[in-house]
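Labels for the chains are A, B and C, by order of writing; each one numbers its residues from 1.
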Amino acid sequence: MPALKKLSRQIGGLVITLWIASLVIFLLIEAAPGDAASIMLGTNAAPDTVAALRSELGLDRPLLWRYAGWLGGVLSGDLGTSYTYGVPVAGLIADRLAVTVPLTLIATLLSILISLPLGVWAANRPNGPVDTLASLFSQVGIAVPNFWIGLLLILGVALGLGWLTPGGFPGWQAGIGAAFEALILPSIALAVPQSAVLTRVTRAAVIEVTNEDFVRTARAKGLSRGRALWRHTVPNALLPVVTMLGLQIPFLISGAVLVENVFTLPGIGTLAYQALSQRDLIVVQNVVLMFTLIVMVVNLIVDALYTVLDPRLRGRV
Amino acid sequence: MKRFPISLILGGLITGALIGAALLSRVWTPADPTAMNILNRLKGPGEAGLLGADQIGRDVFSIIMAGAWTSLGIAMTATLLGGAIGTLIGVSAAAKGGVFERLAMAINGVLFSFPPILSAILLGALMGPGALTSITAIGVFMIPVFARVSRGAALQIWSRDFVQAARMAGKGPALITLQHILPNISAQIIVQLAIQTGLGILSEAGLSFLGMGVAPPTPSWGRMLADAQTFLSSAPHLVLAPGLAIALAVLGLNLLGDGLRDLTDPRRRQAS
Amino acid sequence: MMLSIENLRVSFAREHGDPVEVVHGINVTLDKGETLGIVGESGSGKSVLSLATMGLLPRTATASGKILLDGEDILSMSERQLCRVRGRKIGMIFQEPMTALNPSMRVGAQIAEGLRLSQGLSRRAARAEALRLLDMVKIPRAADRIDSFPHEMSGGQRQRVGIAIALALKPELLIADEPTTALDVTVQAEVLDILDELVSELGISLILISHDLGVIARITDRTLVMYRGDEMEQGETEQVLRRPAHAYTRKLISALPNRVRSALETPDG
């Protein structure tokens, strides 16, 4: 089966790139100044205490050993123990993902909901008022930093109008409503630049497909402009939109780090950032690997979406 | 979007003003951007200087001007370095093909999954925050972007008749790349340089906002925003000015890039 | 059904300068069951003429004159009225079977779409009708092909699907714009035969646009020769081809290969 063969080849590629990434991450962290033991015990610790902890942590073992140990741990779900929090890194990351994953998903959903109708509408009447508005929105939206939008939202909506909370996260145990409420403004901040990019791509793709012969065939069948647009043009214009969605993933993750910081959300971005400032390098190391994994898996999903959207790609190896 | 004159002119003007402000800040600013004046603390626009004063009474307008130098300097250096390396990889991949091309593009894929903030977190662990960290983190992300664009553009030129003719004439891939490929893809590279410098400014602002960019007291737009966060309700002007500066700078470079693209893209030129 | 085009002029707006007129006052009448060929080289305005008849001219185009379909002027119809004419009264087949079908939709669904929309057929009934239409255009093993995507079919099969789509709503007039030009020579004959058979079987009128005199001669009763938006001559196909009145028609005929030309000269060979 060609589809299965393709998938296994893709997963093979993913494993190899992930392995290279893990090697790079490990070596960079290894080269970083300061080791775990002295960070954990503070600067005034006695040298022999430090040495004892070093051997306990396995830091005195050779480089290759430690790399193998980390990799083995990653595969078995044991990511080690955080230097500063003293808890397993895996649990720490899982807790934080429970904030970041919903945040990025809501933002993505929001950006699709904004950009798809706007882009299609703009393309339907090129140079009309909606098109002008859409191109203005996409030019400005791409240029505006999302963390600044976050600050403006806090200033205008939370402090100014008194709606929603200016930051913080009550946790999912506080109820879905409360948790969701805390994610609304951050999601909007994250979604604006996304939708600016997507609007632009959608508009261009729809305009290109509108001129295809099969749209004319559809019109010759007696379909109205609107129906031909939504039934024939838009489905065939989605491919570049999905491509762009995939390409935006790294930016979405970067954006999440910043936006979580603005709204003091306990997400994975905040974790990475705090771990860095506290030199909790084992957390940094694992979080970065995690990010890489997410980016690559999402790219794989995007690739799979292609074949759903374009039947011509099915069965092609 | 048939906007060639407007976007090019507007983009050129904004970018020109940005570069002008950055250069001017080296020799003159309304006030010393690092000089504290506690009496002016958090004063609004007009009360102290054109754009007010910050939490320790420094003149915001002067910091914005000096910040242009920082932003533009880091973004341009990173883009030029990443652009040069990426273009080199891209055109070599197009010229060599085969295993080298696949390997180069695979490495690209890995690099592309490291957005600037992620690399900065890694590099920050290695060498601490600073201009070098920012430049490296942003530059690394530029490599795959330019490699992709230049490879695609180069492959197109490679399939043209005149390149085939040069090949028949016995010229090697390196010489052909130098004589035919690079001159013909330079327009696309320049367009990318403009647009990516804009993205670089955005990334730099993000890094300084997180405290992973240039160290104080070097003025930086991102850190201005981070500082302003504390005084959000008491001094909103501190949030507005740097954000607008970033947005305007990126907008200008994007418009410039779009305008240049409309001007140089042969397909669009035919259409008009 | 009766189509009557009176003094049709079509011009296109340009970004700079005055609009360009590409069809300069064409007159055509077509009765029920009649077949008309329109010949001319590319740029002669024949495709613009057919798009105008469908009410599918691009936005930049302006048409004047009259296109009367059963006495009603297509040029003055509202978009809503036009949607009721397209497909139901006039069906159209396009030149490029490779691009004329939606690549992401199964062919059965593309045929059934018009049926469901304008006749309000159920999904099942529309599918059954689509299957009948596929059979009618002689797609082998139609039941297996109804769920194919266009890219899984050959050019000739796709063009048959195109014919099925155009005939789905039982129009009284069929416009075929270079229906076989993009096909292999062997396939051309098959598709033309199907078209010819169906038109006479169903008693519908046909406008066949082609640059190929051989194709025109085979199928049409009457022929209109166009050159750069003007009518060169119009009349019985046999007359026009055997005794061309206009120098341009003679030029077109003399450009044919000998074999085809001699076939034109032998009556009903």
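Going forward, contacts are C-beta pairs under 8 Å (C-beta built on N, C-alpha and C of every residue); 3 or more make two chains touch, one makes a residue touch a chain.
Computed from a predicted model, the values in this text were never measured in an experiment.
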{"item": "Chain contact graph, described as a line, ring, star, complete graph or other shape", "value": "line"}
{"item": "Centrality ranking, top chain (CA atoms only)", "value": "A"}
{"item": "Rounded Å distance, subunit A centre to subunit C centre (Cα mean)", "value": "51"}
{"item": "Separation of mean Cα positions, subunit C and subunit B [Å, integer]", "value": "54"}
{"item": "Inter-chain centre distance, subunit A versus subunit B - centres from mean C-alpha coordinates, in Å", "value": "22"}
{"item": "Junction residues of subunit B, two or more chains touched", "value": "none"}
{"item": "Parts of subunit B lying in touch with subunit A, wherever the complex brings them together", "value": "1-3, 106-107, 109-110, 112-118, 121-126, 141, 198, 202-203, 205-206, 209-212, 225, 228-229, 232-233, 236, 239, 242-243, 246-251, 254-255"}
{"item": "Complex contacts: residues of subunit A adjacent to subunit C", "value": "212-214, 216-225, 227, 231-232, 235-236, 309-312"}
{"item": "Subunit B partner contacts - residues on subunit A that touch it in the complex", "value": "13, 16-17, 20-21, 24-25, 28-29, 31-33, 127, 135, 139-140, 142-145, 147-148, 151-152, 154-155, 159, 250-251, 253-254, 257-258, 261-262, 269, 272-273, 276-277, 279, 281, 284, 287-288, 291-292, 295-296, 299"}
{"item": "Touching residues on subunit C, where the partner in the complex is subunit A", "value": "54, 56, 79-80, 83-88, 91-92, 94, 96, 99-105, 113-114, 117-118, 149, 151, 162, 165-166, 168-169"}
